[in-house]
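Think of it as A, B and C in the order they're written, each chain with its own count starting at 1.
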Amino acid sequence: MKIKPNLFPYVLWMSFFVIVPLILVIIFAFSTPEGGFTLDNIIYATKYSAVFWRSIVLGAVSTFVCLIIGYPMAYCIAKIKANFQSVFIMLLMIPMWTSFLLRTYAWMTILEYNGLLNKLIAFLGFEKINMINTPGAVVLGMVYNFLPYMILPIYTVLSKIDKKVIEAAQDLGANKITVFKKVVFPLSLAGVVSGITMVFVPSVSTFVVSKMLGGGAILMIGDLIEMQFLGNAYNPYLGSAVSLVLMVIIMICMGITNKLDEDPNEQNMIL
Amino acid sequence: MKKYLIVAVSLAFALMLSGCEFQKNKEKSINVYSWGEFIADGSDGTINVNEKFTEETGIKVNYKTFQNNEELFAKISGGGADYDVIIPSDYMVSRLIEKDMLEKINFDNIPNYKLISDRFKNLGFDPKNEYSVPYVWGMIGIFYNKKEVTAEINWDILWNEKYKNRILMFDNARDAFAISLLRLGYSVNTEDASQLREAADELIKQKPLVQAYVMDQIFDKISNGEAVLAPYYAGDAAVVMKNNPNIGFVIPKYASEKFVDSMCIPKGSENKELAEKYINFMCRTDIALANAKKTGYSTPHEEAYNLLDGDIKNNEIFYPDRETLNNSQTFVNLSEKTNKLIDELWVEVKSGGASQNPWNLVIILLGFAAAYLAVVVLKNSKRKK
Amino acid sequence: MKILNKIYMVLIFIFLYAPIFVLIAFSFNDSKSRVVWSGFTLKWYFKLFENQEILSAFYNTLIIATVSALVATILGTAAAVGISQSKKWQKKLIMNVTNLPMINPEIVTGVSLMLLFVFIYNTFGIFKPGLITLICAHTTFCLPYVILSVMPKLRQMDPHIYEAARDLGCDPLRAFMKVVIPGIMPGIITGMIMSFTMSIDDFVISYFAGGMVQTLPIAVYSMTRKIVSPEINALSSVMFIVVFVLLIVINFRQEKDRLRGAKK
């Protein structure tokens, strides 16, 4: 096996900082503090099924919400004049480049019991609602943080659709809805699929959003891992086992989306 | 040309980096790891203790804070962190001693140690007084909003339906379990699995009423009326009650938990002598007084205590009467087995005690794998067409 | 229909920007309260710039972002060129590894790097988790972005230009520097800017792999867990404005490039 010389440092770097650490996670997941082999950590991790389940459900719900509100947004942007599109895309990106911690923190201010939204509700004469520290608040936080990841890939695909294809369909007598259903939507599926992964992966594994907007009462996989490494229950072996399970889940998800995305005539890269 | 530019820039940065490292070596500094709101920081006209230390000795203080004892434990047992002074609580001190993670302190370097009241020497967690110098002590009690909470304040009120979603709770296993155990009338140091189970069940019952599990965010949430009930450390009562006179603080008389937080030097500290200098400095009367005044925590320092204002000295919250003290319990370190059990139960509490059927995870994984296979099969059949 | 579209877009932008404007507005609030307005002040900004903790965190963040963006750009560009010249199966394997940090959840990357650094430190006593390890970690997660922005440019390039340069007597290195690098420069710069911003914004990986070094996001995180001070609002306003200006500059540049390209 010969490697190009200018690839060498990169290969070395990636094996040392990507492959070796992942192998360490696997080793830790299967070992005892004394260094022996064990399956206990993995078996122990299954005790937290409820946490895994909650993360997957909340992640799926936020991905779904992102899709529902993100697709029309991408569609709207793709329909405006080409010159202005980049401006809108930039407007979409700006919040993404501001610290997500601070933005999530801002939602705390808005959603609190005595927060701005409840002030408004009380001003309008309604009963205050308990919004913060509910699963709904966590979903909102995730949708807010990851919505651009859904809009951008869909927009990219939509904007590349050849206008002539749509015109052809219209010429053949299709009305607006049929054009969308039969032409635009199927062509945009690739963007939808990559949007779904780009939202689902960070949602499932988040730990800051659930901590800040869930009040520490809505435990997710990320929180569980953090607890094992830096928090309440120090146990890197169990933490590694949980990370490993999370990794497997994500890899399977990626596999599914990649297969869906796959051009039947072309071999795909991952899995 | 650009190549040289890049090389030059990277070189400059390398130099800059090594420069900092070099500077750091030359400039003496210590890393202190402590609780939040735990030191006089110069605000509100107090002395900035760390700056004063630097001024007097030329040693820089890197002051970092943790949220609870367990976080501290995780940080230093994970390795790679080199703190010189840490301030864990009683039970954590004894856990660290047991795990051989503390340096023995050379008390010759800490002449001010004699100013610490004898009541705080040779305590259970460090019986021979080799590893720790008491910094503050206090009790656990309950913050309440006088306007909204009218019922009698005791541990039961944290389970009162009336205050649903307005109750805060400790975000660490040991303190949260202590409250549940005290309420049930058990020892906070119980190793009895069934008692711990019962305590956990009570916490699970309490969970729907709890707005959030937090630590120092309690200050904010209780002062601005977000929450109306919250158990926390007595020392912080001074700060909170000053911000909002509507907030009261009660230490349940029949049973509470007393804590002593002590300064220790973790194993692996590269600046042991400087650390001892810092500890000695913290035991100086003017510094201890400034800290006691600013943070509100009760001081074990004899002279500083005597110099405090009368209304603080006689305040039941900070210096409770004999009865409360006699009824209070102090944490001791638990066996590894019990620690693990508590951690496990705590995750169960926080995840809502939902069905913990271990097969669920397997089913989830199988579901994902099945979905993957389905997609593969679907694709393949399409391709064949 | 058109009107509906516009309303919808405005609503989404309100959703995206409302929290940021709330933060900015309350950074000028005189009292500490996050909900009650009690007068205009700039004092939180002054306090912010006196806050040693934040300033040193900011300094760390800048050093880490600059160094790791530089290292990632150099390594990544070299790698991209190498990958484009490799055999197909090698290419596939290397791209799979390149994609790993991008598809892996951030928290797993962070945890795995933490295990690595602690393991090295505990066994060999070198590489104490800190500035250096953070630079390594950030370089690692920036590398894929550099490669992914350089690769398309390489593909677009006409391989004959390089050959022509060789035929005209350039040695390989010179030909590479004079021909290939200028051709892929836009990709390199995009990759570098992306790495820089990714590194500045990263919280999760630094949180786990950083040891005792505080970067700005970590300082922000610890601020949100203490008694809240409006300094944090001031900080977010400053960061927002900086990013806003930076992005406008970048966009302006790109627009100019595009126009120049159109003229050609």
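To be clear about the criterion, a residue touches a chain if its C-beta (ideal position, glycine included) is under 8 Å from a C-beta of that chain, and two chains touch if they have at least 3 such contacts.
Computed from a prediction, not measured in an experiment: that's the story for all the values here.
Student: Could you classify the connectivity of these chains, where an edge means two chains touch, as line, ring, star, complete or other?
Tutor: complete
Student: Name whichever of B-C and A-B has more C-beta pairs touching across its two chains.
Tutor: If we tally the contacting C-beta pairs, A-B comes out ahead.
Student: Report the inter-chain centroid distance for chain A and chain C in whole angstrom, where each centroid is the mean of the CA atoms.
Tutor: About 18 Å, centre to centre.
Student: What whole-Å value do you get for the distance between chain B and chain C if each is reduced to the mean of its CA atoms?
Tutor: 33
Student: Touching at least two other chains at once: which residues of chain B meet that condition?
Tutor: Chain B, residues with two or more chain partners: 78, 224.
Student: What parts of chain A, by residue number, touch at least two of the other chains?
Tutor: Answer for chain A, listing residues that touch two or more other chains: 112, 114, 229-230, 236.
Student: Check each residue of chain C and list the ones that touch at least two other chains.
Tutor: Correct list: 34-35, 114.
Student: For the complex, which residues does chain A have touching chain B?
Tutor: So the residues of chain A touching chain B come out as 43, 45-54, 56, 112-114, 130, 132-133, 215-217, 219, 223-224, 227, 229-236, 245, 248-249, 252-253, 255-256, 259-260, 262, 264.
Student: Spell out the part of chain C that touches chain A in their complex, as residue ranges.
Tutor: Listed in rising order, the residues are 5, 8-9, 12-13, 15-20, 22-23, 26, 34-35, 75-76, 78-79, 81-83, 85-86, 90, 92, 94-101, 103-109, 111-116, 119, 136-137, 139-140, 143, 197, 201, 203-204, 207-208, 216-217, 220-221, 224, 232, 235-236, 239-240, 243-244, 247-248, 251, 254-255.
Student: Across the complex, what residues on chain C touch chain B?
Tutor: Contacts found on chain C: 33-35, 63, 66-67, 70-71, 74, 114, 117-118, 121-122, 128-129, 131-132, 177, 181, 211-212, 214, 222, 225-228.
Student: Can you list the chain B residues touching chain A in their complex?
Tutor: Per the touch definition, chain B meets chain A at residues 68, 70-71, 73-75, 77-78, 165-166, 171-173, 207, 210-214, 224-227, 340, 343-344, 346-347, 350-352, 354-362, 364-365, 368-369, 371-372, 375-376, 379, 382-383.
Student: Can you name the residues of chain B that touch chain C in the complex?
Tutor: 2-3, 6, 9-10, 13, 16-17, 20, 31, 36-37, 62, 64-65, 67, 78-83, 215-217, 219-220, 224, 239
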